[in-house]
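These are the structures, in structure tokens.
Both of the next two complexes hold chain A, though its partner changes from chain B to chain C.
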Partner chain A sequence: MDTVLSSATPSATDVNSFLSAAEKEALKAATFQRLHPQIYLERFLEEKIRPDGRSIADDENEDTHAWRNVEVNVGSITTTSGSALVRLGNTTVVCGVKAEICEPELDNSDEGFLVPNVDLPALCSPKFKTGPPTEEAQVLSERLNEVLGNGMIPLSSLCIYPGKSAWVLYVDATVINYDGNVFDAALLAMVCALKNVSLPHAEFNPELNRTICTRPKSDSSKPARKLIIEEDLVPLSFSFGVFAGSYLLPDPTASEESLLDTTISIILNTRARILALSQLGTGVDKSEAPGQGVADIPHTREADTLARCISLAKKRQAVIMKKVYDT
Partner chain B sequence: MRSQTYHDRANVNIEVAIAAFSASERRKRGRGDKRILELSQTLKSTFEPVIQTSLYPRSQIDIYIQVLQQDGGLLQACVNATTLALANAGIPMYDFVCAVTGGVHSTSPLLDLTLLEENDLPNVTVAVMPRSGKITLVSMETRLHVDRFEEIFRLAGEAGTVIHREMRRAVKDRTEQLVASMQSVGRPSTGADVGDNEY
Partner chain C sequence: MQSVFDRRRINGPEDSSAPIFADEHQKSLTPDLYKDRHNRSVSDIRPIFLQPGLISQANGSAYIETDRTKIACSVYGPRQSKNTAYNEKASEGPTSEDRSIAVAIQQALLSSVRLEHFPKSTIDIFLVIIEADGIEGCVASGSIAASTALADAGIDMYGLVTSCTAGKISGLIQHKKSFSMFRRM
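Then we have the complex of A and B:
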């Protein structure tokens, strides 16, 4: 690689002679990352730092510089009932909520519907091609469906007239830029979009068998209303990855995500109580040398990792709460 | 796609995706939707002659457009966004392509129509290459009296040059930002400006 870069023969490689020394170094580093991604990441983590400059969450260093910056912007899409744009570092998700009227199910005649959906178009990352939703998109939609369907929006509050008319909320999220940790970003976008929703006043007229909605602000006795939200069940997700069984990485980027052997998601409510928890993989392997006592027993290893993740998530939650509730 | 490889130039592939929540009625449009395919095809024939495809033989340039909200001027916005995205990506083009919609209400000409205006009034979308003044796209799906057409057409062409000024300013600002951040390479970032180190 060195000979190619410093070659003086007039050819396509001549463009490298226009690069400064710093640019040549950066090109070598980028090439190395492509060819040996695992070793590239290891080299950074050994110095207790991640490729994008963030810290890792080791024992001495539990501060919040391990997480990427979060930006939330609500209400910018006026064709929706509620919308939100969330940026988690470079990962960008747009979510729009559309409300429609439908007939409730026979079994649950006093409940409306909540239909979340995530779209991972080819636009957001070179790893997605055009075509039907990939497995990743479907799994993401399903996980979000489970988390949101937990009662954050009581479905009975979406009923207009039992057995005849109810609201159905379509929560459509589109990932614009994929740089890892899409689950956290998409969930935050959906939660913020739902909080931003404003439903017009709706009345079912049994004689005409139709639902009449009143345009907001046209009649002050029939104002638009915000959704009824069960504050204790509002989910906020914090995801971690474990690399090479040793390093705990909060909020992984796309390049880190492909190298992780464990992913952990902690879902907290607004009062930092755990709503849901998932760990896929064996967690951090603390015992460097076997026979070191407590750390050697597998279930304490995992409990240790989970406990650390939970405490980190709780610290981060305080920061996110300010972002979400101040918008 | 392998079957569309050209030995002497790049293949330009444009795909438009319209979010379900972008219009006042929620509608999930698949990729095979005729209107979307027509839009993609129009954009492809607008940009194929403008991009210097002969510089990239046996390659493909994918352009993905995501529509978040619609309030008229969809084709116009797609053309302008594509021009800027190609400039941002560093893909060589012969010129910018700037598009504007024009319409007429009784005798008064209008520019840049909203959805409400587009549904009621005759309107035309015109895309122009500002440096040469050549028109690369004219699209009209309504009926407009031939006496009115010339005026609207000419006005829309001129408006294209105004858009061009704004586009140039945006590209220039972005380039200045990149140069500034390249000069500060070596400082740690918090992840938010990682994307600035583009090579």
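Then we have the complex of A and C:
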């Protein structure tokens, strides 16, 4: 008790005297996680649980708690044509769509443009610094561009006057809080933002060589319109991490992500049909024998893992569909 | 806007511009003060939503929303400084278009933080402006968010910083104005 009153600057032992037993345990655990992150995660997985409390999806019927909570909010940013905010657990991504007018390219004179980009600012995580887009941001933007450019928005629907005038949609996503699985969150934010877009009525005047738009609601004969969307090509992504070659972790958090050797993404459409598959990393342990970790998990072969990922993704897709179509 | 080709981003067409609306020239030139201010009196300010702790990855964070201004702020620190010379004056932020906002917010916060408790350390404050309703509004809301985020991070301070903008239209002083009103001044 004397230590509280005597010293002006608290020493390490004084700090401990302020903490309860539970807080001391928590501090020990946090220190262990910092020093030995791999072993920390292994200890959890051995008990069939993940550090944030979610269960491991080792039985297909019990996967409801393997994914984090999803929240979607659209249309709150008035300076954009369409916007969405998505929260996947703690991972938060905000996306805004800006519609501008441009001249189409010579060899695609009846097509507009879709330009997606993701920004990972220093604000969202201690591992990012201010400056030009990092490699991770560039890879994310490129992957999203591939997935969105697949035909969800037919570019011909963005044409205003062939050869002269077309819409360009700048779809910019900014990550506000980086807690893993940013690809899934950013894709969902972009899809919801695009669904929220309202384009004003645009007319190209060949004599003046200018495109004039009409403010929404100012003229009922020239109303604003929603984007034309190919519903069968609307992508939804479900990502999984593979830890130590044998544990399958759906929707990884930031602390898990840094320890993964492989990430598998399953992209489904609104009818739960597969649009794309991607695997980044060294792949699943192909041998039938248990991996170097304690492998109580039955399936460790590559094809089985992929099949499991697909079936888990399809189950999760039904839940996400309700969120996307109810907003 | 003329877009410079940036190989680090997905690029659109070389040149694009914001849509031009037919009724642009018809917009009223006389300020419609009452409509913009939603029945507020001259000395009222807009309702504020301020929530600390939303960004779990940061040491401290705050999110502020006032009508059409939405700003997220996070604080990382104290972190080790790159140059270890003891430096009482906080160093400058990143070069960007909105550096003026950053400088204004830094000046507002500087006197409130007890930097003498953090020698050889840097406290990084990052702001993302999600939606803006004028530069002045950004500075005001940003200062409040930054001060709250610093408190959320447990940084030693003398007190919290609050901020408000005010302007004069035709001799009347009004508080917390929106961008459209500034254009008409």
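The rule we apply is simple: the second predicted complex is superposed on the first by the 291 of 327 C-alpha atoms of A that agree within 3 Å, B and C clash if a C-alpha of one lies under 4 Å from a C-alpha of the other, contacts with A are read in each partner's own complex, and residues count from 1 in each chain.
The definition used in the following text is that a residue touches a chain if its C-beta (ideal position, glycine included) is under 8 Å from a C-beta of that chain, and two chains touch if they have at least 3 such contacts.
Note that this is a predicted model, so its numbers are computed, not measured.
Steric overlap between chain B and chain C is present once the structures are superposed on chain A. In the superposition on chain A, A:Asp52 makes contact with chain B only, while chain C stays out of contact range. Touch criterion met: A:Val94 reaches chain B and chain C at once. When the two structures are aligned on the shared chain, A:Ala254 is found in touch with chain C, with no touch to chain B. Shared-chain residue A:Ala122: touches chain B and chain C both.
When the two structures are aligned on the shared chain, A:Thr79 is found in touch with chain B and with chain C.
In the superposition on chain A, contact of A:Asp232 is made with neither chain B nor chain C. Comparing chain B with chain C, the partner in contact with more residues of chain A is C.
In the superposition on chain A, the residues of chain A contacting both chain B and chain C are 77-79, 90, 94, 100, 121-123, 130, 170, 174, 176. Chain contact summary for the complex, chain A toward chain C: residues 76-79, 90, 92, 94, 99-105, 113, 115-117, 121-126, 130-133, 137-138, 141-142, 145, 168, 170, 174, 176-179, 200, 202, 210-215, 218, 254. The touching residues of chain C, when paired with chain A in their complex, are 1, 8-13, 15-23, 54-58, 68, 70, 72-74, 76, 93-94, 124, 126-128, 130-132.
Residues 15, 17, 19-24, 26, 31, 62, 64-66, 68-71, 185-186, 188-192, 194-195, 197, 199 of chain B are the ones that touch chain A when the two sit in their complex. Note for the complex: chain A touches chain B at residues 22-23, 26-27, 30, 52-54, 65, 68-69, 77-80, 83, 89-90, 94, 96-98, 100, 119, 121-123, 130, 170, 172, 174, 176, 253.
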